[in-house]
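Note that the chains are named A, B, C and D in the order they appear, and that numbering of residues resets to 1 at the start of each chain.
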């Protein structure tokens, strides 16, 4: 940490800052700059809480240097984590395709879509049983009945299943059925839920919050890992910006940054970022080209009749076309060496 | 709702859109514009789900007209709601001051600060017992012990108390002690928690999410009201933007907008918006001048030693100064008529 | 246009809105909704100015339906524009690579870099002679001397040259030398400069503003086309958001949206979006995969000694690697059909 | 400046960074932290260009410590600047009211509005003669005829006049007529125009760019001051965020920050921030309460018929009401001491 003092800061003010730093067990070393003094905090293990220093007299700014995350950091674990989801591997060298409807509506709907996506090349089946909805008047999902339907889909198609748990009560139930439990965008900083996920034996799919920085996102993953569960897959799904031609702005630069900072795999959900069908295929191609480890895409055989998010769901034929394009794309990276080298 | 068609949209495409609208029980009326057709949806009660229409062939755009909220809307209830929090009224004609430390650290700390803020003019006491923290390694609050300390503060000072419930399990506990239960920024769309708040008999302080639109915020309040609890106070606390000279950007235009759209009272938390002490007093004045119904301000007698958010906590002397300024400010609005007219 | 009235709007208020609309020569038709009246504006040619209606009594909201742009619109010209820049084609079916240093520093520097990028496969050479710099104390470019150096680069390598004109005075000079004149991010709404570009006989490279919507960007292109110059190439280069792990957030969803709305070609500048070298190659791949018509990339043989933007400049070897990856990527799209179909 | 190295950075990498820093004439001092080395740059006068260091091997991050601005800085000039605009003072202790229509439409319109605002208490008259418009098809202003009308307004009412110059050619003309020349939001980083303003003998009103940081804004002012003109007034007018209930989000925390960082006066334009009439009065009150030095407000006697921005223009009666409220507000600050102390 670096504490930058005002030009007019007095020796007393500098001494006071040094005293607060040292009272917390750190070493402080004042450095004379050209125009002002800066005070370095040395030999700290982990991040130092800057808050008490920010408001002190004579202090211009406090600059953090150490990342607050540990277990998720590539500095701690240099090699990539590979997560096993019911036999499907997600991580370096693998490109996993997760597909299915936004919400499970009926067994017939789920199985119809599952057969389509399986045939086209999907590795995992996704679907919502408990739906977080902006409005209390919207369809909230089938609940446990939805989970049972998903289990039957797995039985029939062999695809492991991914679904969201919205709170820690429901987590117990979802954990029983799902091969990977999703923590949604709105819950990225639901710390109670993160702690519950940390006690789970199932892999966790952690979506980025709508306006979360990468540091906050990795700290959310740190909560899960610190709780004892190291099977975390990150999912970029767009962030909120001033721009409204897509529902959210897909932040693909997050992929190289996360891959540099962390050993955890990262996939992309282009459906929620786009919010409309015709951007999903181009953004999927871009996500694979940027170096993600997988895609999660919404597919519906009758999107006009879907109970949620029909606008962004691909038709089965479009999903097939997407899979073919992605395969070709992934193919070309082999002569170029593995993805890691590509990212640099 | 208005469905805008492409210039080249065919009659078949227009008919298909009309059919989907009418299959959902609404009336569709195509309107020829200068360059394209737009299809109006008529006689709908409440919002129409636009999603199935967005991706249909020939559709350029779907524009929503009806607000999705009902119970929170001023169109339903024209007169202002006034919320009674342990005897203190929040709402039109009242300017409520809520003050206290970010986190309850000890009985001594809480009582010291409470006596200061009470003497300066605070109406309610705030403090955190369960703290949502970005890092799993940060101080997480004293838990129930913190609630007990707050109860003793109420006993001694007479100030009703406000504190946060982070999940629905803890809600039961918090509800027993607190006079108003806070739902924090990160939980604004924790729908399970909102439903729990809807079943509570205590008033709820609902903070705006970090990147929530006003519509999403009012929909979160709708969840609570729909559940049966109409005692909701909204709290603007800054939104996340590109701008980093304050921790968040306080969005004061939200106050006239919320007061126009809803009958619920709205207060402002300048401390979390600013993130540093020296912006808190000017932003507090601005919040009162724009027409809010109250302030929630962090105060600490030893901010350099605070266990969280010391940088933004006012010293007791500053809080006293703030209260004096606010009183003068509020005074001048009397000859101008009531606050409602001020907002226009 | 659609004028949405309050639920309580009176017949007088509705009549007043109708009167204002009709006083401007349009047809107004009130439509009874379930809960309120909306007034459609019919038979307008081009966009209607909504401003006078927004503030009228009883008006809840005014919703625009017609796009304000004409000449840039794909509705006017369904087939893609292909722009000829000194013999190099930019547009559908072509993937153009523009490369070079941020600033021209000397003839030696420019020629060294130009030979590298030419050998690796660049089609056009870029470099700054007049540099817009945030600080008046930073290097501002070599001016006309820089343009002369670029002309010698063209002479030696055969690559057409692209450089920025910062104001309409300098435009005359730049136009003499350059094969394509760039209008930079900060000047996207410098309307005087746009009008000057509209009178030019040279193609214009129009970068997106830092927080411009796609509509504003297309309107800036409309200024140029309305002035008589239809040779416009758009360039996405990242927008400003809360996110700071890259300098700007590259908004790749802009590519399918622009390609749907407009016939103009669109390229991507990953260097300014990223702001650091190690994100440039992944983002370049993503840009090509999403369906852009070209890339503009900064390259420097000695970035540690560069006079501006060294951090984001690729080393020549990296640029070569990028070109190879892009070639493979573009190759795979041939069996899939042309780019247009890819975008859907 | 502080260069933070990776944990795995080698001694060679550290030495290379030190060498680059010292090759530029600065002193580098490596500091061993708990987990990594950071290298401090010492004894630099002014900001150091970080760009060459960002991309070097082993470098994790480069952190700037020194502000890049000098002349605008309060560290250089501790006392407030007070700007004299045709006899009206703007700055500490003065609250200046600038009012008038968005665009000058006719002599009759201008004089009618001017008489109203003068009577209500305006100090300066504003109006646009050259209008920057998003669309080439919109009304672009009366040009020099508009300036002549403004001069007649000054003659009749005695109010000094403020109007915008959109480019450096028009600047000569505007400078002849106006008492203060406005540089608009879209031109905040039009460096040619800033340099022209630096050579002017007239005060400059510099609006904040739509997504400008405060540092960029102060650097734009630095361009003007560096050119020799120290009469600069800053104007906050809202920034672009995800939030669309107002046209832009008025960033009132900018006022205490600018007043802390700079000696230049700062005023607020609530009309462009709000974009609709009913937010203008509340936001104006907030701006005064936060501690700005003046307001710039749009007023029109027939907003329904205005040629631009009618929606946000106050009616004359509303402006009168605003002036009365502001006067009362400003009154209460006298017993509290001057504004500077209020800001803390």
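The working rule: contacts are C-beta pairs under 8 Å (C-beta built on N, C-alpha and C of every residue); 3 or more make two chains touch, one makes a residue touch a chain.
No experiment lies behind these values; they were computed from the predicted model shown.
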Chain D against chain B, contact positions shared by both copies (same if over half, else different): same
Far-end chain from chain B, centres as C-alpha averages: C
Separation of mean Cα positions, chain D and chain A [Å, integer]: 38
Length of the line joining the C-alpha centres of chain B and chain D, rounded to whole Å: 30
Centroid distance [mean C-alpha coordinates] between chain D and chain C, Å: 27
Residues of chain C engaged with two or more neighbouring chains: 46, 211, 240-242, 278
Residues on chain B engaged by chain A in the complex (per definition of touch): 20, 46-47, 49-56, 68, 132-138, 166-170, 186-187, 189-193, 210-211, 216, 219, 222-223, 226-227, 240, 275-278, 303-306, 308-313
Parts of chain A lying in touch with chain D, wherever the complex brings them together: 2, 4, 6-8, 29, 31-36, 38, 40-46, 61, 63, 65-66, 75, 211, 240-242
List of chain D residues in touch with chain B within their complex: 211, 213-214, 239, 241-246, 249-257, 260, 273-274, 278-279, 281-283, 285-291, 318, 324-325, 328-329, 331-332, 335-336, 342-344
